[in-house]
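Presented sequentially are two complexes of chain A, the first with chain B as partner and the second with chain C.
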Partner chain A sequence: MIKVDHLTVNFGPSVAVRDVSFSVAQGESFGLVGESGSGKSTILRTVMGLNPDWSGSIKIDGQDTKSTSRTDLARRVQMVFQDPYASLHPRYVIGHAIAEPMRINKMPNPEKRTLELLDLIGLGGQFRFRFPHELSGGQRQRVAIARALALNPKILLLDEPTSALDVSIQAEILNLLNQLRKELNLTFVIVSHDLAVISYMCDRLMVMRNAEAVETLSRSQLRSRDIAQSYTRELIAAS
Partner chain B sequence: MSDNLVEIEDLRIAFPREGGMTDAVRGVSLSLGREKLGIVGESGSGKSLTGRALLGVLPSYARVSVDKMMFDGIDLTTASPKLRRSLRGGRMGMILQDPKFSLNPVMRVGLQIVEAIRIGDKKLPKREAYSQALAILEAVHIRDPERVFSLYPHELSGGMGQRVMIAMMVVREPDLLIADEPTSALDVTVQTQVLSILDELVTRRGMGLIFISHDLRLVSRFCDRVIVMYAGQIVETIRADRLNEATHPYTRGLLACLPTIDGPLDPLPVLQRQASWLEARP
Partner chain C sequence: MSVIADPIIDPKRALRAARIAEFKSFARRFMRNPLGMVGLVIVIALLVCAALAPILATHDPYLPALSDRLAAPGAEYWFGADELGRDIYSRIIYGSRLTLLIVALVIVTSAPVGLVIGAIAGNYGGWVDRIFMRITDVFLAIPKLLLALAFVAALGPGIVNAALAITLTAWPPYARLARAEALIVRNSDYVNAIRLAGASDFHIIVYHIMPMCLSSVIVRMTFDMAGIILTAAGLGFIGLGAQPPLPEWGAMISTGRKFIFDQWWVATVPGFAIFIVSLGFNLLGDAMRDLLDPHLRQRR
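This part shows the complex of A and B:
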């Protein structure tokens, strides 16, 4: 479903991601874990086409992202950002925010689909005239997820989807994400610095440090501590 | 119990809203010795407000009422603003969540520490203040204090910035340190380092620490006692090592909803809030 080969991303003279390769199968949930600055979010943004300066190859469904148009890419892949306070337009009611990608892509019946989406994420249609400041952090993150699902993408890229939320709300959002993945047969790539979240959510994971991949593990390898690199052990000990 | 550093009885804080007042803190009583006390709760449970009320840095429109608020024998309810001003920074310090927003962005961090020192002791020679600042940077495990001294906040990583904040707060050796989510913005590996630095300072200098966080497990590993707050009230006070014996459903819910590395993959238990938790308790 996603195949990343020898990806290198530069920000001017500094290297944010160095020669990273991984692939994610259809319906799989893949985790990227590491400290701040290890390049995990940069990988997501590059897959989404938000970084111009990169080399290597990224294929979605066999198709190279470099030769895919923005709108076409947006229909296949959508992203949910870390901070639901910053990722929703403060002066759009949330119904408008959720419908906007559908208008851009000229999809039929955006209003009806907005109501369906609001039901799907557990808020209900009566929320559509609310502004983001009238919602709690968890509700905003639900709206961001609804907006990401508006175009029926096959892949969701989740950049620290719960780290701005309370632990009690985190559980609700993680449950919602798992349920959506099952119902809509989605593929997830989740970035987090919390190994517990990754272990709970992901079938496989890649540990990153200083712009490089340290190792790739399956969930069972992680849980049986079948780990080759000492850095991964340090991470486990710290969490 | 006169050896308590802090005593608060029946603290209430309310904010004016359209059509009346909203109660944010509803009758909190606590006492603190020279120990590490954790306050845990969700956003909006009133934990930060409690800390701020103690410091006296609430916004002017907040309505505060309290039966008793003592700090080391000083009655804070009758203390003059001038006295409270002199307590802040000197005998009470506060570490905030995000160093990015709490440090002066256009001032070298070393000079900010020097400023903190010289506000406390105006007669101290400049050179002496400088060497104190360097010493405290070293004490918070900054490897190259001279280099870091002359950096600006944007040149620091999150963990480094948080250590600078801690250095600035502990340099005057306060008796009470209030840490409001000091590690929430940090990575797990850095988090451990920052906590061990805090622990070392608190233990060695015999401070009282109020550690405000929403992370129950973190608090239980780090603190001696934990207060759990819900909707402006204390629902449970428990010894940190007995956290697993917590009885209140809210505390148990908070513990259960955290995923763990080796935990089951079933849907996480979600907190079922009950209206009875909001009722006043004895």
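This part shows the complex of A and C:
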């Protein structure tokens, strides 16, 4: 589904991601772990086209993202941002926020689908005309997920989806995401600094450090501590 | 008790209810500010004066009564009469229409122009930003009144020309303001999210960036109204704004200047009108800033 080859991202003179390659299969959940500043979120933003200065190749569904139009890309991949307090427009009711991607892409029946999506994420239609400031962090993140799902993408990129949330809410959101992945047959790429989240959510994971990939592990390797790199061991010991 | 509309059965009413609830909470916070309420009362009084001028006025503002030249304030002429025996009170009341007309003309033309230019410059950045902002700088570099004077001198005096001249100098601050907001908003996650959904730049600027610039622009607008009134009165005073016999407040002060030592009311009363109205807009602007300024407002 996603194939990233020799990706290098520059922010001016500094290198945020250096020569990183990985691929994610259809229906898989792939994790990116590393301390802050290791370049994991940058990879997601680059896949979505939010960073202009990169080299290498990113293929989604076999199509190069450089030659794919924005709207075409939007129907394949969507992203959920880290901070649910910053990712919803404060002036619009959430029903509007969820319906807007559908209106932009001229999809039929945005109103009806908004209600379906609200039910899907467990909020219900009565939340439709609430403003973001009337919702809790967990509820906002649910809305952000619903907005990301509005265009029926096959791939969801999740940038630290729970790190801004209370511990008690984190499990709720993660369970919701797992349930959605099963129901809608989604492919996930999850970025987190929290190994517990990654090992709960992901089939495979890649450890990153200082803009470079350290190693790629499967969940069973992680559980059985079958680890090659010392940095990964440190990371596990620390969590 | 109002009936809460079911958002699933009746979405239009529910949306309106949500908006009304937002407005009510805004109004409640506004009412906690007594000075802001004073400003609001003054501005509303000005609007009422302008709307009901024929009813509120006791005399014809244009009809001279030479036997009552420069009559002192009293039962017949509440604020006295001017050098042609016209009732100053009635002229002040009618003058509020001219004041509002100029303010409205300037605001309607300058704020949207500044908002659009600022939002575009802030959204695109790079050379678009540089070009728009340097143009803005050019207009900011010229002294306000001087440019207005030159413009009026070229086009000829009159209310509409005065308003145009003020507009020419009034839009750059809005562009600056809108650009500053746009620069913050364009990199926010909610704009990124809608960009990822395939929204065009036009859509992003109009529906996402501009609404966020609006609160700063509204605050600035309220403050600006006081300045516009003063500039308009200044132009009227030097004879480049409204022309006689129009009861423009600045022009009224100008004619009253000749009698200021013996018949103080001819110049003083319009002066007070300008003072009170400017104060009203400033107080209102202060209160609005406390509520709307994104940098002062704490996260709710």
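Convention: the second predicted complex is superposed on the first by the 239 of 239 C-alpha atoms of A that agree within 3 Å, B and C clash if a C-alpha of one lies under 4 Å from a C-alpha of the other, contacts with A are read in each partner's own complex, and residues count from 1 in each chain.
Basically, a residue touches a chain if its C-beta (ideal position, glycine included) is under 8 Å from a C-beta of that chain, and two chains touch if they have at least 3 such contacts.
Computed from a predicted structure; not experimentally measured.
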item: Overlay on chain A: chain C relative to chain B, clash or fit; value: fit
item: First (chain B), second (chain C), both or neither touched by A:I145; value: neither
item: First, second, both or neither for A:S36, with chain B first and chain C second; value: first
item: Partner chain(s) touched by A:F129 [first = chain B, second = chain C, both, neither]; value: second
item: First (chain B), second (chain C), both or neither touched by A:V189; value: neither
item: First, second, both or neither for A:I60, with chain B first and chain C second; value: neither
item: Which of chain B and chain C A:E234 touches, first, second, both or neither; value: first
item: Touched partner set for A:E111, first chain B, second chain C, both or neither; value: second
item: Which of chain B and chain C A:V197 touches, first, second, both or neither; value: first
item: Residues of chain A touched, compared between chain B and chain C (which is higher); value: C
item: Touching partner for A:A99 - first (chain B), second (chain C), both, neither; value: neither
item: Overlay on shared chain A, then closest C-alpha pair between chain B and chain C (Å); value: 10
item: Intersection of the chain A residues that touch chain B with those that touch chain C; value: none
item: In the complex with chain A, residue positions of chain B that touch it; value: 42-43, 157-158, 187-192, 214-216, 253-254, 257-263, 265, 267-271
item: Of all residues in chain C, those that touch chain A in their complex; value: 6-8, 11, 14-15, 17-18, 22, 188-190, 192-200, 203, 208, 211-212, 299-300
item: Contacting residues of chain A [partner chain C, same complex]; value: 48-50, 70-71, 73-74, 78-79, 81-83, 85-91, 93, 95, 97, 100-101, 104-105, 111, 115, 125-131, 133, 144, 147-148, 150-151
item: Residues on chain A engaged by chain B in the complex (per definition of touch); value: 35-37, 136-137, 166-172, 174-175, 178-179, 193-197, 199-201, 222-223, 234-236, 238-239
